[in-house]
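In what follows, chain A forms one complex with chain B and a second complex with chain C.
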Partner chain A sequence: MASYLMRHYIFTLTALRRAKKSQRRATKGNIAYQPVVSILIPARNEERVIGRILRRMTELTYPKDKMQIIVIDDASTDATGRIAEEYSKLHGHIEVIHRSKKEGGIGKAAALNVGSKHAEGEIIVCFDADYYPQREILEELTMEFADPKVGAVQGRIIVLNEPKNIVTRLVALERIGGYRIDQLARDSLGLITQFGGTAGAFRRSLLEGLGGWDESILAEDTDLTFRLYLMGYKIPYLYDTECYEEAVESWHAYWKQRYRWAKGHMQCAFKHLTSVLKSKNLSLKEKIDGFLLLNIYFMPVFVLLSWITGIPLFFLHPPQWFSFFWAFIPISLYSFVGNFAPFFEVGIGTYLDNRNRAQWLIPLLIFTFLLNIFICTKALVDLTISKIIRRNNNQWIKTPHSGNGNTYIKN
Partner chain B sequence: MLPTLTFSILCFGVLIFILIMLLPALLELKMPKDAGPRMIRDHSSHTGLAIEEILIVNLEEKQQFDQILVKNIVDAINVLPNLEV
Partner chain C sequence: MRASHVVLGLLLGTSISCTFLFFPFIGEEAIFPLIMFNFFFVSLTFPLDGTLQRKICMLLIGNIIGLLWNHIFSLFANAACSYFGEFCNALFIIMNPFLNLFWIVSFWSMSLTLLTTPKIRRRTES
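Let's look at the complex of A and B:
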């Protein structure tokens, strides 16, 4: 717990320092490297949002003759495939792959693998169907690949439908903490920055060398991140390279999405932890950060364990120094909410984004923190059971998108 | 065992503390004044993306003030070791 506390505070101070410097921007003058790019858009029942992202793809400033857009219609039962086909007819660089009910619907990694096989570009960029990138995003992302040590690049994600309700507002705060502070600091400190699986790019040759996305892992993006780092590649984070996303709008959807992230992340921990610690391609600080990053979803489980063991222990057999109950309050407060450093991250992130009023909502993050304790615990229990009975129950539960973010866009 | 009165005062105090802590959040939810999601940085010459509900007053002045404040904070924390690569 103390190590995560230190980690978050170091990240926040680093991001504050970095706030003074602006990021190098891609302009017509300094673009020397423009490879052919294949954009993968996996979509399953996304009729409310697919039109928006495809329209946006036609507005990107990257040369059309260097772009290939592949929509993977993953066994959709709505009008997703039809809408994508209409765009494909009008724009020659958009193609659609339809997966049947028999072969599709088994997860994003499988859909991406199918799309990757059709990709011809040197660089692959992934967008989820609900995303809305800035027009120059491809120039910004691909510029970094001029460095041969770069394996992937990640841009910043901003919640589009933030004003919708309390769920979207809290998710937006979490995103601000994660992308404005956490990722930025990790990039500045030369630690492990995560490829988020969307609004990011990677080398197609690397993916082929790795054998594609691992379809047995629910967090295929985290898995790719560590596979790249273990091979000695880097993943720069570009905090000025931005893309909107649609956040979940209900607590039910929030639970399902975070459950998938937690379970997937834990799968990555089991898969990569030993390799990260033994790797000759990682520096000591990368190994330490990799260790902390891989285990981060286990921390809420430890908090729950501390409640379960701590409270009855106190009443059954309080040690001498616990009899002074004033010590009990701060200690139990700390063990109750873990540490306040993540909230501090969010606070500074909103301040750097000139969103001071949004800071008023930060105390509500305690509720999402408590919810995540149960989500992570359930994920670990389910994962443990599936390992014991040797059955991989990787049901991909798709995040629903309402298309409500459309009301916040005006061209 | 803790004295009952002390324990009751303690519980009451904790409840008041929680209420005070959540009051600004409840106020913001009831009467939102936050500017909403940040405008995406779009450097194209075409008409940029716009957010429908923006409530920013004197943004430039505020940003100038914030830049000075951030500079002062950074100068203050520069006494700490710089771990950046």
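Let's look at the complex of A and C:
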């Protein structure tokens, strides 16, 4: 657990060092590589936001003849399909795939697999329906693929509806920590940069070679990240390539979303941990980072365990042979201090973004950290039970989007 | 990155930490969080923009707050222990890192606001 303290600390200092350097390179005149791009937009009951992203797709600066937009209407019961069809009639490069109630609605990975079969571009870009990318995002993302070692690219995600309420504000802070510091530092240090499943691009040939998305995994993005790294490919992170998302707006939605992330991440840990440690395509530092990244959702469970075991062990006066285990308590308890290292990441992230007012909310992240202890513990218990009874109950719980609070969009 | 500020800060932070280590009236539970605070505060705040005087001032204020915080909570723990038994003492020791988390994070984020230049976030259309 103490290693996470060091990890977060190193990441924070690395991001601080790289603060002055800008990555934006896709300015006019240096765009040499512009492959055909297929954009996948999986959408299930997204009538409130689908129009916004499709309108944005028509505003992208990438050449229209090199762009294919595929909306996967995943058995929606609202007007999502109809809105997408209206855009499709007006714009020839937008296609809509409708999935019936019988075949659809089983998860994002399944919807993406269907969309991938229709994709014709060399590069596939994924956007969730609630996203709102920069106009020049495709130029910036695709440029990286001129390097054959690049398997995927990830852009920065920023919360669109931040001022909505306290939940969105805290999620925005978490995103700052994750994308302004964590991802940037990983990219700078040559570690495992995470493909976030959206606002990112990857080679279609690689996905086909891998047999598509793994539909049994809830965190299909983390799964793809590790599959690409294990094949020897890299995932650069472009922190100046921004895409805006709609954050969850209630604690209930927050719980469900984080629960899915935690469970999916744990599934990835069970699936890839051994392969990462044995891989010949990964350097030692990538293996260490991969190990820590895969296990990160287990750490809050350890904190809870150390609290629970701490009280009875305090009253027991352990014999000499037990002293080693006795040391576990203070180590794990003080590693809690290590687990608040993400607060430092968020703090430095807000500093680098000049988000003065947002810094006042950082102490409130303590409560989301506490909440995550219970979320991760429940995810682990549920996953263990499903493994024991050998029944896959990894149901995809869709995050609701309201389409409100688009603070940064000029209407 | 302001290397000279970091070096001076580390010297000061180490001196303060050593003083706590050899000062007999500070409880063991308080020493570790204060040392952690000094190390993290110096290494993560001193490289940022801002005057050295302001940073040193914040470091000293942080240590005073930390001392008071730990002292007050240990008094609470002692009182609770004498009324409700040893269980409260166990709870205090186990929850101590968490209790320290509150003041460390709060004080640090407050310090950051003094070093940050406010900026209105740019719109996506730009």
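In this text, the second predicted complex is superposed on the first by the 380 of 411 C-alpha atoms of A that agree within 3 Å, B and C clash if a C-alpha of one lies under 4 Å from a C-alpha of the other, contacts with A are read in each partner's own complex, and residues count from 1 in each chain.
As a working rule, a contact is a pair of C-beta atoms (placed from the backbone, for glycine too) under 8 Å apart; a residue touches a chain by one contact, two chains touch by 3 or more.
Note that this is a predicted model, so its numbers are computed, not measured.
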Partners on chain A (chain B, chain C) - clash or fit: clash
Which of chain B and chain C A:Gln134 touches, first, second, both or neither: both
Touched partner set for A:Pro163, first chain B, second chain C, both or neither: first
Touched partner set for A:Asp240, first chain B, second chain C, both or neither: first
Touched partner set for A:Asp147, first chain B, second chain C, both or neither: neither
First, second, both or neither for A:Leu189, with chain B first and chain C second: first
Greater residue coverage of chain A in the superposed arrangement, chain B or chain C: B
Chain B versus chain C as contact partner of A:Arg355, first or second or both or neither: both
Partner chain in contact with A:Trp307 - chain B first, chain C second, else both or neither: second
Contacts of A:Phe343 with chain B and chain C, given as first, second, both or neither: second
Touched partner set for A:Pro363, first chain B, second chain C, both or neither: both
Chain B/chain C common contact set on chain A: 13, 16-17, 132, 134, 242, 244, 329, 351, 353-355, 357, 360, 362-363, 408-410
Complex interface listing, chain A residues touching chain C: 9, 12-13, 16-17, 132, 134, 242, 244, 307, 310-311, 314-315, 329, 333-334, 336-337, 340, 343-344, 347-348, 350-351, 353-357, 359-360, 362-363, 365-366, 408-410
Chain B contact footprint on chain A (complex, rising order): 10, 13-14, 16-20, 25, 27, 59, 61, 132-136, 158-160, 162-163, 166, 169, 172, 188-190, 240, 242-244, 325, 329, 351-355, 357-358, 360-364, 407-411
Residue numbers on chain B that touch chain A, as the complex places them: 2, 10, 21-22, 24-25, 27-29, 32-38, 40-44, 46-47, 49-53, 59, 62-63, 66, 70-71, 73-74, 77-78, 80, 82-85
List of chain C residues in touch with chain A within their complex: 1, 32-33, 36, 40, 43-44, 47-48, 86-87, 90-91, 93-98, 100-102, 104-106, 108-110, 112-113, 115-119, 121, 123-125
